[in-house]
Amino acid sequence: MAKICSLAEAIGEFLRDGDTVAMEGFTHLIPHAAAHEVIRQKRKDLTLVRMTPDLIYDQLIGMGCARRLVFSWGGNPGVGSLHRFRDAVEKGWPHRLEIEEHSHAALANAYVAGASGLPFAVLRGYTGSDLPKHNPRIKFINCPFTGEQLAAVPSVRPDVTVIHAQKADRKGNVLIWGIVGVQKEAVMAAKRAIVTVEEIVDDLEADANACVLPYWVVSAVAEVPMGAHPSYAHGYYERDNRFYTAWDDISRNRDSFTGWMERHVLATRDWAEYRDVLAKTGGKL
Amino acid sequence: MAKICSLAEAIGEFLRDGDTVAMEGFTHLIPHAAAHEVIRQKRKDLTLVRMTPDLIYDQLIGMGCARRLVFSWGGNPGVGSLHRFRDAVEKGWPHRLEIEEHSHAALANAYVAGASGLPFAVLRGYTGSDLPKHNPRIKFINCPFTGEQLAAVPSVRPDVTVIHAQKADRKGNVLIWGIVGVQKEAVMAAKRAIVTVEEIVDDLEADANACVLPYWVVSAVAEVPMGAHPSYAHGYYERDNRFYTAWDDISRNRDSFTGWMERHVLATRDWAEYRDVLAKTGGKL
Amino acid sequence: MADFTTSEMMTVAAARMLGNGTVCFVGIGLPSTAANLARLTHAPEAVLIYESGPIGAKPEVLPLSIGDGDLAVNADTVVSTPEIFRYWLQGGRIDVGFLGGAQIDRFANLNTTVIGPYDAPKVRLPGAGGAPEIAAMAGEILIIMSQDKRAFVDKLDFITTAGHLTGGESRKEAGLTGKGPTAVITDLCIMRPDPETRELVVTDLHPGVTADQVREKTGWDIRFANDLRETGAPSETELSVLRDLLKRTAEAHGTGK
Amino acid sequence: MADFTTSEMMTVAAARMLGNGTVCFVGIGLPSTAANLARLTHAPEAVLIYESGPIGAKPEVLPLSIGDGDLAVNADTVVSTPEIFRYWLQGGRIDVGFLGGAQIDRFANLNTTVIGPYDAPKVRLPGAGGAPEIAAMAGEILIIMSQDKRAFVDKLDFITTAGHLTGGESRKEAGLTGKGPTAVITDLCIMRPDPETRELVVTDLHPGVTADQVREKTGWDIRFANDLRETGAPSETELSVLRDLLKRTAEAHGTGK
């Protein structure tokens, strides 16, 4: 049953050191505020799962929260590399990062399998790719009826999934609309789910077939306006493309990254204070 | 690309003798008008697939259109038996009917696998049931990662799927809302798709995440108001429970069934004329 | 004490077993009546899920079919039928599965497929529907059936849905995850599986019902608990809410009975 | 003839290959620019699908990311990301896959994973994304990449996405269903696979480009078709529509360049 509380409480109670954590949002509704809180609370040894690791995972990796990364595309969308991710993989800074690498199709299917209570997913995939040579968690099976060969990957079953959504009602029912990505599957696949929302309302006013997560599959809901920034929330605010571009400079070297994170995240009490500092610094160093 | 045409043309062009046909609609939006047209055009040797064979399949079976039935629950919902279905299985009238029997979970998964271009579906199912003893198309496989045993069934890939929906626009984009059942999967799993709709409109006015089938996955769209009766169309008309009850008497013996079908279906030109006759007879014999 | 029918007693006794806030996968017919009675009395927070797609359904009147529009109108959300079986049932999100059946045996296995041989059935029944996987994966199963020698049989012609199979640990050994049937509620009594043998034992007799009446309507040598209790009679509230519900339903469906 | 840049020529040449009414799975960046240019010129009925979920996307400005809100606003519908990969791509509903890449070899295999050894990469690239399955299952694949010796290499350090593998029938033998890459469009030329060997052959040189320029920018001994053609220069319309689109985009994203 959903607990309506502050983001700090939600992360404090439901996200622990060593957890397998999925933070999802396919460029839309990326839970940036929640990732900052994980960094503030200095979580470590996390296995991070995400189809498209971008700025939030660059920050978590650079701050040493992650032991392992399960992913299918890691970059700064529309800008270029993730420098902290690359530094960890190429040079082991701040420490070595284990990676389990998939294709989008495989990881999306792995979430579906997890949500469906199955141990593995079957897909037509990876044929001719070198990925299976380097990822022992990609296998091939045969259809028991046609004999056809298909790929199999283990399902993703996070200890906790973290997402950002547009709205929740006072019971904790959550509404996501627009580009819904893989969020529903990520929540249904997880043991616990933390959801930040733009606003908590009396009535979701959701369409009958809208993407709604009932309160009893959600562990905690925290109201965090602008909680997806620099990602966007459809119907609330647009993507801050300037920040994505600025991040390329901020994250390019270790000192500038660390300095920025200390000033903007570690030195701030919460997301609201972070937003104030950000307004002053203009996101610059 | 969707052809907007009459129901007679749609069935005439896209549904052939010997086809594997899925007519779906989980008590909501059942394509009754389309089934009548199949009977009028005297299609035969059909393999009929449907999770919940009810009145339309009772009619198709009783009129000798079906060679084989793939299903998971066959009854008159809230009333009792399907007498024509039982007569075919128990006494082979009007001729023997082959059956392939599943559970809802398996057949729903088989549609999903068909829609996903996979040859089979994996589910946690059938454990302890006698169904696998009588259906060779239920097998058991082991997870390549955990060794766990799971059930496997072949995917459903109909030659043609027939559904009824609330609206289509003039291009043939289709909107279904409310209880959407397995219709999207049935359409995506099929080579061809015939859709009857309550009305053709200029703009679907669909929510961003509504259940919409783009015109280019639909073969034909026919406007057939009340085309789901005695089933219902959410937002248009309610379920005619009296008709379901009346059907129990009409279908109970062969002569009354045949007489009713001749008068109401074979002797009528189309659904509109059927509706007129039905209004006169009040659905009685 | 109010006057009530055995069928009212059955529905009320079944409804009482659904705890408030539990997530319940509801079969059509008697289970749906009992689940909605629970929701309208002691369990307002019970979450009702129907296989047609509604989650958190709050029907004004009882659905005649599993997909009645009224199920969708007040639901928290409506998902596709495959999603119900994949993410919600198989995903392990269901606390209680509420089932009926045509035939049941002493280990609460159910037959809804055939009377007689499968390939030459004397009576062809509707089939499995969602029952096999509901009974396998819900946390526990409640079964509600009117009692009758032809329904409560010594041996099933066909096991459609596994209850406790051959009793003892056989259910667990078969790899079934949920607890399986924890109670069978009839118009005469309540039966529960023996903790060791898993054979159904009468634990509660409805008011005015005798052990002999139960024996007469059971196809096997039914056992009775030593501490056999009497089911509490329906309260005024339970009866009036149930009767109003059935009245509203008959009017709405034009099936006045 | 209008004045145009080599990058404009590349985008225009790629856009021309997208037929009206085709269903196109669009990668972000150059493919998205070309696909939208096609939609805004000769292919108004082209159906654009992005892996984030929009089907029939009609963005006013180019998305910087695959999930920009503008993609959802005018789309025919928006589905979940798993559904895109399961029902639409794997379901066989895609005519053309429009891809870019970091490195390509003579058989149009793509590397977007690593430069150097996988376990100790010199450069760690973003990874596969949707490419391996798009290239496997779309009816055919168009690849658009700026030409450069470090991008058009003799041997890939890593095959992320299979093109024609080792050439000849190797793609079909591997069990890949779609036709695979049918054209590679660069800022200098258009390459197409040889019908037998499947090795990329230059079939069209962009206006003013020489064979030597292409050789200098290709990491293998690139072959040229006997009937080598010259790409038609961008028309006034193509150029103005493209420039307006890029201008609108820069303004909207505040990335003015």
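First chain written, first letter: the chains are A, B, C and D, and each begins at residue 1.
Just so it is clear, a contact is a pair of C-beta atoms (placed from the backbone, for glycine too) under 8 Å apart; a residue touches a chain by one contact, two chains touch by 3 or more.
As the structure is a computational prediction, the values presented were derived from the model and not from experiment.
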Those chains which touch chain B and also touch chain A: C, D
For chain A paired with chain C, centre-to-centre distance based on mean C-alpha positions, whole Å: 41
Distance between the centres, which are taken as Cα means, of chain D and chain C, whole angstrom: 57
Chain centre separation in whole Å, for chain C relative to chain B (CA means): 28
Multi-chain contact sites of chain C, meaning residues that touch two or more partners: 72, 78, 86, 90, 137
Sites on chain B at which at least two other chains make contact: 112, 117-118, 123-124, 178, 180, 184-185, 208-211
Chain contact graph, described as a line, ring, star, complete graph or other shape: other
Chains grouped in pairs wherever the two touch, ordered by label: A-B, A-C, A-D, B-C, B-D
Residues of chain B defined as touching chain C within the complex: 26-28, 51-52, 71-75, 77-79, 81-82, 85-86, 89-90, 101-105, 108-109, 111-112, 123-131, 134, 149, 178-182, 184-185, 211, 232, 234, 238-239, 241-242, 244-245
Chain C-touching residues of chain A, taken from the complex the two chains share: 1, 112, 115-118, 173, 184-185, 188, 206, 208-210, 212, 214, 216-217
Partner chain A, residues of chain D touching it in the complex: 28-29, 51-54, 63-69, 71-72, 78, 80-82, 84-86, 89-90, 109, 113, 118-119, 121-124, 126-133, 136-137, 158-162, 165, 171, 174-176, 253-255
Chain C to chain A touching residues, read off their complex: 21, 23, 47, 55-56, 72, 75-79, 86-87, 90-93, 137
For the chain A and chain B complex, residues of the former touching the latter: 117-120, 122-124, 137, 139, 141, 143-146, 148, 150, 152, 154, 177-178, 180, 207-211
